[in-house]
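Both complexes below contain subunit A, partnered by subunit B and then by subunit C.
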Partner chain A sequence: MGKKFMFTPYLFLTPALLVIGVFVLYPIVAVIYYSFTDYSIVTPPIWTGLKNYQQLIHDTVFWQALAHSFIYLLVTPVLIFLCIILAIIVNRKLPGINAFRALYYIPVISGSIAVGISWKLMLDTNGLLNGLLLSLGWIKEPIQWLAEPAYTLPIAMLLTTWMGLGYYMMIFLAGLQNISEDLYDAAVIDGCNAWQKHWHVSVPGLRPQITFVAVISSLAALEVFNEIYILTGGLGGILNSGVTMVFYLWQQAFKYHHAGMASAIAMVLLIITLAFSIANIRLLESGTETES
Partner chain B sequence: MRTKIFAMLALLGILLTACGPAAVATPQVVTQQVIQTQIVEVTPTPGPNPEAVIPNVEPNATITFWTYYLSPTFDDYIKSTIARFNQAYPGVTVKWEDHQATFQQDLNNAFAAGNAPDVINLSVGEGWVSDYATQGLLLPLDDKVPQSVKDMYFPGLWKEQLVKGVNYQFPWYQSIPVELINTQIYTGTPQTDASGNVTYTGGAGLKVEDFPKTIDGLPALCQTIKDKTGTLCDIRLSVNDLLSQMVYEGNVKVISDDGKQFTFNSPDAVKWLQMYVDMVKAGTVDKTALLTDQDRVALDLFESGKAAFFQTAPNLIRDVRANNPGLYGYLAVAPLPLGKSGVIAKGSMGISVNAKTKYPNASIALAQFFTNPKSMLEFAKIVSIYPSTPASYDDPFFSAKPVAIEDSAKPLAKGIVATYADIVPTIPHKTDVNTIVLNAIQQALFNGVDPQTALNDAVTKANALLP
Partner chain C sequence: MNRTQAKTPRPRIRTRRVFETIFWYIVLCVIAVVTVFPFVWVITTSLKGPQDSVAAIPLQLLPQHPTFANYVRVWNQLPVGNFFINSIVVAVATVVLNLLFTSLAAYPFAKMNFRGRDAIFYLLLATFIVPPQLTYIPSFILAVNVFHYYDSIIALIFPSLATVFNIFLLRQAFKAVPNDLIDAGRIDGASELRIWWSILMPLVKPSLATVAIITFVNQWNDFFWPSLMLHTRERMTLQVGLVALQGMFASDTRGVAAGVVMTVIPILILFVTLQRQFVRGLTGAVKG
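Right after this comes the complex of A and B.
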């Protein structure tokens, strides 16, 4: 006697599957198709085979954007390091510590566009930073920070790091508060100083959070757009100095109306993020199995 | 097993995260801003209406009209004009929407979805009319508009953005670009001594009436301003239409007469680019403003009182008054320095009709109605724009002595607008060629590449796009 088919589970799954189908699967399939076409958004796509991918291979800006996206990944270890330090600092029972924690969270809730504009004003030729450096006598004339190719990417990375500090710090803070005090007491009995205590207890105890933050922040770094758009006034920086994969994708799709080429870039990005995700999952899986 | 299920779920979650909004930075540029949707129906007045000049308007037509950056400031004007339109063409219903920062993205999406508006306000200055007309999305007007109606417009404006010799727009409001001067920097702050003599302190000590008459004078002017005030010049290259700027400023022939090869590496083009290279090398221009994609960046720099002069249209002076009233009192206006072409500019705004509209005559009627002499005159009375129809200037409003600085070009406007013409030939693959030219200009300006070499490389790449 065969198993009776159960409709109920599928009934419950249907809403989620519909949402995923319409908003995830269909766009992915559509992007795969468009990546093989010449498509300007306003006129119907024309099948061109591998032409977009061949053009990408010979496109120096694409390789520049790819390199910038990988450089942008440096934000992840910096964020993890700084956020753990900050979480340890704010993980104390001091008067007013909640207000201090909230201060770190303000950039997260401010929105990247608003923060980007603030930073732009600060880094302006006549902005706060130049004013400060001039008054200290460290520079003789203002530096045009946002017009210097060498500074574009580092400034954007600094902005992303600053914005992410509060968010990721909260994750590490929650992790720290789950670590038993007994472990710290045991470490002290074993002769650990303050630094060794955190190295041998806090950091291993934060391993799940570190993995999670590594995955999320690296994907966010690969998808960076708002910071670049605002800081470079939509140009991508002089000599494409701030162009990342997603920014280049946007330029191709919405500025140059090459939606087919943009789709090909999206496919490359999808493969990279997929590879990152799988690598991170393997890492997570190996960690879990070791613990179990 | 549990670990594997967990890993699979985590992978799915991460994929969704990768495809969906991320925690820190996500693209959020494509946001639609439909400011207003207006349906106006008015009881028709009996008898022929002199403003009803388009024949065979479809009865009971419902048409959509998109404008660019006009709401909420001009809501009353747009609504009252639509009400007058309904009196002239009873039975036609107009749905009006104003789109702003995302106008082009909204329009592209609407064309892709097959629900683009019937009547569209497009920028001639930015080349939008030719962009959409080239793709077959706009209705050609020459054979659908009576000659008597075409004759209402300045001839140069009717032909200001032809595609293969065909016109696709009714010329709408025009602007007269001027140099807006911050006299605090350009001249200095006036000090009157006991005997009534006026001296200027803190500025470059320059006189507004001596502002360069031609573009060649800008490098020396910027050098003087930097030397005396430490301020950089707020000059912007038209990064979205660089070939146009080459033509107007440098009188550069950008493409051969037969359209088979680009020629923007000529001595004229090199000389034009060299001027900007020299200014960048001398450190006299604000590089952020020079190559920004957004004209607001350069305008904001001037509005914040940090630039000596800025090229703009008088209608944007209201922005200065609104955002920095303290600066408004120190403003002066100088005529725009002419480029080597001798032509001041092409037109500003036009109104076009969707090629696939169900109601072509009603749509043409609306586009023509908004651009007719009466509608334009009414518009000019509420903001410093200039009509594209000579008849509008017969009103005493234009001959009255200007009071506000925004109106300083008013008495001369008719003569200036009459000279407007699009002297830029049709550029094949315009967006791609512009990108190539932008890269070449950046190489010359910021990477030490010789202008001739940069433009030669650009011409080679651009020629490769031609059949």
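Right after this comes the complex of A and C.
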């Protein structure tokens, strides 16, 4: 009987571990191997050593993609800032407040494809935004929102931010509701006004949520694809203006069938996400230590 | 004297409160316009007739000749019914099987002592930061060379049968169940499988519901992997189909808008009916 008890936990784990083993753990090992090979998917991989990495170093598109992915990380502080304010706004007892929270949540669940296509329709040269700006007289000529390279990345980042508002707002709202009322009362007695109160009580009280959102949203920013794909029609924008790390990975792997090169990009991406997550957690946790 | 002094400020406080309330409602409405306006505009566009303008000039927000013709046109030219059925089959099958697999795995992580428990658990947690797109390169090769489910919806269900995030959430839920209940089951001679199914699972129903919703929405809205796997129109899910539609109806704004509405409506209905579980799922995810 003792022996049987030893086996049981592993039996429970087997189905899930098999799936995760095949679709997560094996791929990590495989990608490491592929990154050192020339692999066109159709023919077997040929070992080429560091060639893919050497090519990447001299690849201007790769450096562009890397830069774009780092620029994209700006959505993280913007989202943290906006969503804490949003959470403070919706954290009050008003009739119908739940309906408003639900309305803010709609972009989150609608899916980036449907949302991206809606935005694309609005931003069309002959679309709603230009119509509004023209009729208000703010512009004389319609602006080519989606064809102008300088706008590609900012528009995609705006879209990502807009889609994330409701999600991160809910996370901060849950955090706010865990903060004791006494702390706010104490802050008022100490002479804090409404906004100082939030700066001195809400923001420190939300530290776990800020860490969580920083990690999750920066991972999402580094892994952005759908927004770019929809807004640029799968082309990456004029002069690669919208090419991010994952978009370039997709192009190399699934458009040009350079699985080896794509794997090398994936390795760089993995190292960046790893470094970033560790840095995020370290940074935000060290903050708590110095304060307490 | 004292009484009158106490009374006079009252109306002022009341009017101040009223103004504050109005102020907050205005703020809330402005934000609501920002988050909802694109959808309203897409819905009105999808209902516009051929005489209604969808262009920048003349700018027209509401349809003057409302019609469902755009929906009919999209429905007739693309197998939208298939998209729906495929999306539902993929999402439901994934939710049911994923919950089964992950709740089985969560039980030993939460309540059993065995060799390598922590090592395996932390290895799984570490994979959480691996970009999913990285795993899609070998997964694609597996789909073509090994599993032969390329261009089939099986390809979407199979890799989603177990997810680290769900194991993690359900482990938290199982941990909250008192050990006495499990020990009582063991004394009564129930097998571990029986304990898992008849004692633990009913007690964590709320967590199962939230995990189910998160999984359903993620699978419903997934695009990257499905777009790699599905190429035949009839086998596409809604998201992949919507992109195909957008390509096909490139010059037909009304038709694309109708496609967007059809894709979003089912998930919105689900959200409205299960709003409370949605929110609880989120907050639970952070506490964990």
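A few notes on this one:
We take it that the second predicted complex is superposed on the first by the 262 of 292 C-alpha atoms of A that agree within 3 Å, B and C clash if a C-alpha of one lies under 4 Å from a C-alpha of the other, contacts with A are read in each partner's own complex, and residues count from 1 in each chain.
Keep this in mind: a contact is a pair of C-beta atoms (placed from the backbone, for glycine too) under 8 Å apart; a residue touches a chain by one contact, two chains touch by 3 or more.
Keep in mind that what you see is a predicted model, and the values were worked out from it rather than measured.
Per the definitions stated earlier, placing subunit B and subunit C onto a shared subunit A by superposition produces a clash between them.
Contacts of A:Ile106 after superposition: subunit C is touched, whereas subunit B is not reached.
Of the two partner chains placed by the overlay, only subunit B lies in contact with A:Ala147; subunit C stays clear of it. Once the two complexes are overlaid on the shared chain, A:Asn280 sits against subunit B while remaining clear of subunit C. Judged by the touch definition given at the top, the superposed model places A:Gly131 against subunit C, while subunit B stays out of reach.
Contacts of A:Val22 after superposition on the shared chain: subunit C is touched, whereas subunit B is not. Using the contact criterion defined above for the overlaid structures, shared-chain residue A:Leu235 touches subunit B, although it does not reach subunit C.
By the touch criterion defined above, A:Phe81 reaches neither subunit B nor subunit C.
In the superposition on chain A, contact is made by A:Tyr167 with both subunit B and subunit C. Touching more residues of subunit A than its counterpart among subunit B and subunit C is C.
In the superposition on chain A, A:Val224 contacts subunit B only, with no contact to subunit C. Steric collision with subunit B, judged by C-alpha atoms after aligning on chain A, is confined to one stretch of subunit C among 58-66, 220-228, 256-264 or 274-282, namely 220-228. Subunit A residues 20, 24, 27-28, 41, 112-113, 124-126, 167, 219, 223, 225-226, 229, 246, 250, 254, 270, 273-274, 277 lie at the interface with subunit B in one structure and with subunit C in the other. Listing the residues of subunit C that touch subunit A in their complex gives 21, 24-25, 27-28, 31-32, 34-36, 38-39, 41-42, 45, 55-57, 59, 100-102, 104-105, 107-109, 112, 114, 117, 120, 123-124, 127, 129-142, 144, 158-159, 161-164, 167, 192, 196, 217, 220-221, 223-224, 228, 239, 242-243, 246, 253, 256-257, 259-260, 263-264, 267-268, 271-272, 275, 278-279, 282-283, 286-287. Residue ranges of subunit B in contact with subunit A, taken from their complex: 3-4, 6-7, 10-11, 14-20, 22-30, 105, 108-109, 111-112, 132, 135-137, 230, 232, 239, 283, 286-288, 290-294, 297, 304, 306, 431-432, 435, 439, 442-443, 445-447. The touching residues of subunit A, when paired with subunit B in their complex, are 20, 24, 27-28, 40-43, 112-113, 124-126, 141, 144, 146-147, 149, 160, 163-164, 167, 215-217, 219-221, 223-227, 229, 233-235, 238-240, 246, 250, 254-257, 270, 273-274, 277-278, 280-281, 284-285, 288-289, 292. Taken in their complex, subunit A has these residues touching subunit C: 6, 8-10, 12-13, 15-20, 22-28, 30-31, 34, 41, 86, 89-90, 92, 94, 97-98, 100-107, 109-115, 117-119, 121-122, 124-128, 130-132, 134-135, 142, 162, 165-167, 170-171, 174-175, 208-209, 212, 219, 222-223, 225-226, 229-230, 246, 249-250, 253-254, 259, 262-263, 266, 269-270, 273-274, 277.
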